[in-house]
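The data blocks that follow each hold one structure.
In what follows, chain A forms one complex with chain B and a second complex with chain C.
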Partner chain A sequence: MTENMKDSVISTRVRLARNLKGIPFPSKIGAGQANVVAGKVYEALGKGYKLYNIARLNESEAGALVEKHLISKELVASCPFGSVIVGDDETLSVMLNEEDHVREQVILSGLKLEEAYRLVDGLDDRIGENAQFAFSERLGYLTACPTNLGTGMRASVMMFLPALTITDTLMQSVNALGMLNIALRGVYGEGSDAIGFIYQISNRRTLGLTENDILGLVRTAVNHLSEAEERAREFLIATREISVKDEIMRAYGIAANAYRLSNQELIRYFAFIKLGAYYKLIPVKRVFALDELMTSLQPYNLISAADRPLNTPEERDVYRAECVREALKEIVG
Partner chain B sequence: MTENMKDSVISTRVRLARNLKGIPFPSKIGAGQANVVAGKVYEALGKGYKLYNIARLNESEAGALVEKHLISKELVASCPFGSVIVGDDETLSVMLNEEDHVREQVILSGLKLEEAYRLVDGLDDRIGENAQFAFSERLGYLTACPTNLGTGMRASVMMFLPALTITDTLMQSVNALGMLNIALRGVYGEGSDAIGFIYQISNRRTLGLTENDILGLVRTAVNHLSEAEERAREFLIATREISVKDEIMRAYGIAANAYRLSNQELIRYFAFIKLGAYYKLIPVKRVFALDELMTSLQPYNLISAADRPLNTPEERDVYRAECVREALKEIVG
Partner chain C sequence: MLCDACKKNEATYHTIRQYNGIKTETHLCSECRRKFVTGGKSDFANAFFSDFSSAFGTAKKKRVCRECGTTEEEFLNTGYVGCENCYKEFANLILPRVSQMQQGLIHVGKMPSVAASTVEGEYARLKAELKKAVDAEDYERAAKINLKLKKLKNESQGV
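Up next, the complex of A and B:
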């Protein structure tokens, strides 16, 4: 990954949708068949993986998995027989009996499309040896929703695009990608409400192209947006230097000192601290540490990891601020 | 001064109003007689003092004197023949041809009523040797406004009362002083708009009591308010610990990092930093340095002291933030 990509790419995710031959799609099955699906997949993986039955998790445990992007909100909300298998380091995971029987996923820090695909493809091979996938020579892998048909693959890259957002030129840059059929989604709100300036870029099409085609499309889009973001960052500091520096340093000053910090504030201030690291205004030692910290401080992860019960939003905000004050001393220096 | 007074007293000011016998009050005279007044007083003081003719000062120079409480706004706005004599260290000053011919003043840091009176009395003696004051055996010193008649003395103490303000119990404490006839005035706005939590406490009566009576009254009032403030600070931290710490540390975080700071923000944040010093949340080396810094960063003082022209509010806010960032590194450590 080139230098400018490093400044705007957070993580890469590749997932493959699969269904087992001879078993109806998850919306049509009961606990019995759902268990067959989960059993076959878990058997294929075994050691180094844990299976979680979503119905048996409490709200915080399930919420923490959603915040880490290991499962979807839908799995928790509307899939009574849903479960997930998570690899020890949480890089590999398989969501079971959500919209499709099997959703194999790999998440890696930074821009690592090929590596992520290689890993998920290996996972797919192992599962495929133990379970026959529903596959058509003409259509490819069969999925519950036609938008996933064919490769069943979604390659997505989480990008940090503050300057394109602030200068209101993000949609312009995305529209220039028109032919690539790329989807862009704000991770914490859309448009001017995209408080953390974080977006997910992914392929819309899964049918009629190869896995490598998809990786290429997404890579092209990420490259284009990285370059546009880099130019926008130069423009921003050249045209609004004081106002940008002021906003960055206030965000840092508050985050490093506050005694209570809402999740919204956390997302907002960390975005500006990262921008401050880019402009070398704030001596951040490891930018990825900020991303990791932010995930670990999302509401449910916070509850799971806390050294004391956090029953109210106020208690969570106080604990979050404590963690941020301590962590920033380490990360900034 | 006791410890608790130290935490709530900023400075002491004593001023004496005098008029010269045989010359009409300033509102009734022209340049000629006003010069006679100024000449007689300046002659009495001489070395170590500078005379400024207000009409010859530019807006910033005059504004800077107002911000340092060396002259009144009225002297600048509506006294065409007004002038001021300022001692080298700005402790002693004499305002000339404002409402009265002569307003002798001493300002000292901290609570120093007796010392301030002794100094202003010495000044009064020197001036009185060279100029005969208008004096009545029955009424005392004659003044343009009857509220100054008698001693012509106003003893005032600048107090920092954040907890009484935040807990909305300041008026209650002041009302308990009813019989003392004490005036309380917010220095930067009144009531809940008193952004810096700074108030001036002074005697209302000047007639029918001695100078020592006045010093005693003001001292009693200051003592009472200091104790009430100390109790309110204990109550505040006991009942709203997180919210108070949060507000203090955010104020510090912003002040120490911002790239642009309005005067309103400065006043507000410095008030919270001082409160943070009291609670030992912020290791402030010298609290008086914060008070001095705040005065030096008021708009006109800022313009006068700056190393470059500050023509717009934006330029002033940027320069103010620069000064604050640098100064806080020295003052907090």
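Up next, the complex of A and C:
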């Protein structure tokens, strides 16, 4: 079984937090010093990368970067000197003057912890050649928040866990991981519930263990949850076959035919279409195409890619439905 | 699962921590997380919030970092330090809690190329490796590292 076959894993992200020696951390930094930070890091990378000053982006440009997980909401909302460097293929990015001076990250689709670390490690080496990091032999990389000390590393995996959510056994499975000190967070759940059944699993500890240790424990957690999810899916179809099938086929029916689709509906229906693909009720050719499509249909990405101005929610819902109808013809069949 | 705080919304943030064998679970909705956890405070401040206030509530909060001006009170409130020197200035506040929430107090991961290339850097790296080997009760490996450490010490004295 290749890693890509598991639809319970959507993507892998590895992030390293760094600060530059001799410059106050972002909460105490001035505009001039913030520019020095951005300059040094950008200089180290150069060709193949673009630097964006967040203050100079408009709302939808910044929002599109957040939806692609290239920058955090906090960088836009509360970092006056924030900027970001994005690699041409949008795999590598570096946030500047967010909580720390430098947040290097790599996002890859599927479960690719080692590869993601290898890439971000290389990026870190290049930046480290041009800028001296704040580092203590005892505490490792010095970060603005002590929760990131040591490796400064957060390895996270985005997972699709519908059956564990529906059968209400997710926390039970996470509990079994107690000793690993893993954090779990719902991704698309503003206020209400985890509508897309998508969660982020990441390490809590950063100091006193190596980068490889961290990758190993996140991998263990992910494998454990994937297996639990698989068992829960079998249980679900065995115990509630009609309602599961009904829910899936209704979701597909609406998504493929609707002329108006809100983002909340999109997230929910896509989750059920993916589940339908798993149960072979819907012939989806590439499950990852659904994940990519979902990102491209998030509000700000939708606006920036549209062939016409989308000024009202109504216009966006109509355009979203149009995109979904077209895309599903390609992806399913 | 409902949010621990408001008991109204569905919880989307789930955290399980294990400190010295005591397990704590927190389930929050994003609204409550914003209110209680993020709201200008770091996870670090949140994790030890009650701890901080009870232990240091009325005690003198006079210290200030000479380099960046962060005060002790500011650090206790936000959980963020303002510069690398803060770690020295507030070491007695930070380190006991860090050792509780982290795996230990010694970095054993990657080092910047600049630090690793110095003798001190190599020495620290070996010492950390030694500790790991001892913790894992791999005494054969520990002996080997010990040997390397001795050699390094002699070499650096020779220079």
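We adopt the following convention: the second predicted complex is superposed on the first by the 325 of 333 C-alpha atoms of A that agree within 3 Å, B and C clash if a C-alpha of one lies under 4 Å from a C-alpha of the other, contacts with A are read in each partner's own complex, and residues count from 1 in each chain.
Criterion: a contact is a pair of C-beta atoms (placed from the backbone, for glycine too) under 8 Å apart; a residue touches a chain by one contact, two chains touch by 3 or more.
Predicted model, so just to flag it, every value in this text is computed and none were measured.
Asker: Is A:125 touching the first partner chain B, the second partner chain C, both, or neither of them?
Answerer: Touch status of A:125: second partner only.
Asker: If we overlay the two complexes on their shared chain A, which of chain B and chain C does A:28 touch? Say first, second, both or neither.
Answerer: second
Asker: Please indicate which partner A:264 is in contact with in the superposed arrangement: first for chain B, second for chain C, both, or neither.
Answerer: In the superposition, A:264 touches no partner, neither chain B nor chain C.
Asker: Looking at the overlay, does A:142 come into contact with chain B only (first), chain C only (second), both, or neither?
Answerer: A:142 sits against chain C, while chain B stays out of touch.
Asker: Check the contacts made with chain A and report whether chain B or chain C touches more of its residues.
Answerer: After superposition, C is the partner touching more of chain A.
Asker: In the superposed arrangement, which partner chain does A:245 touch: chain B (first), chain C (second), both, or neither?
Answerer: A:245 contacts chain B only, not chain C.
Asker: So, A:321: does it touch chain B (first), chain C (second), both, or neither?
Answerer: first
Asker: Applying the document's definition of touch, where does A:185 land relative to chain B and chain C: first, second, both, or neither?
Answerer: The answer is second: A:185 touches chain C but not chain B.
Asker: Identify the overlap between the chain B-contacting and the chain C-contacting residues of chain A.
Answerer: Shared contact residues on chain A: none.
Asker: Quick check: in the complex, which residue numbers of chain B touch chain A?
Answerer: Chain B residues touching chain A: 242-243, 245-246, 249-250, 252-260, 314, 318, 321.
Asker: Touching residues of chain A toward chain C in the complex: what are they?
Answerer: Of all residues in chain A, those touching chain C are 19, 21, 23-25, 27-28, 99, 121, 124-125, 128-129, 132-142, 144-147, 149-151, 153, 168, 170-171, 174-175, 177-179, 181-186, 189-194, 204-211.
Asker: Could you please specify the touching residues of chain C with respect to chain A in the complex?
Answerer: 1, 9-18, 23, 25, 27, 29-31, 42-44, 47, 67-70, 78-84, 87, 94, 97-98, 101-115, 120-121, 124-125
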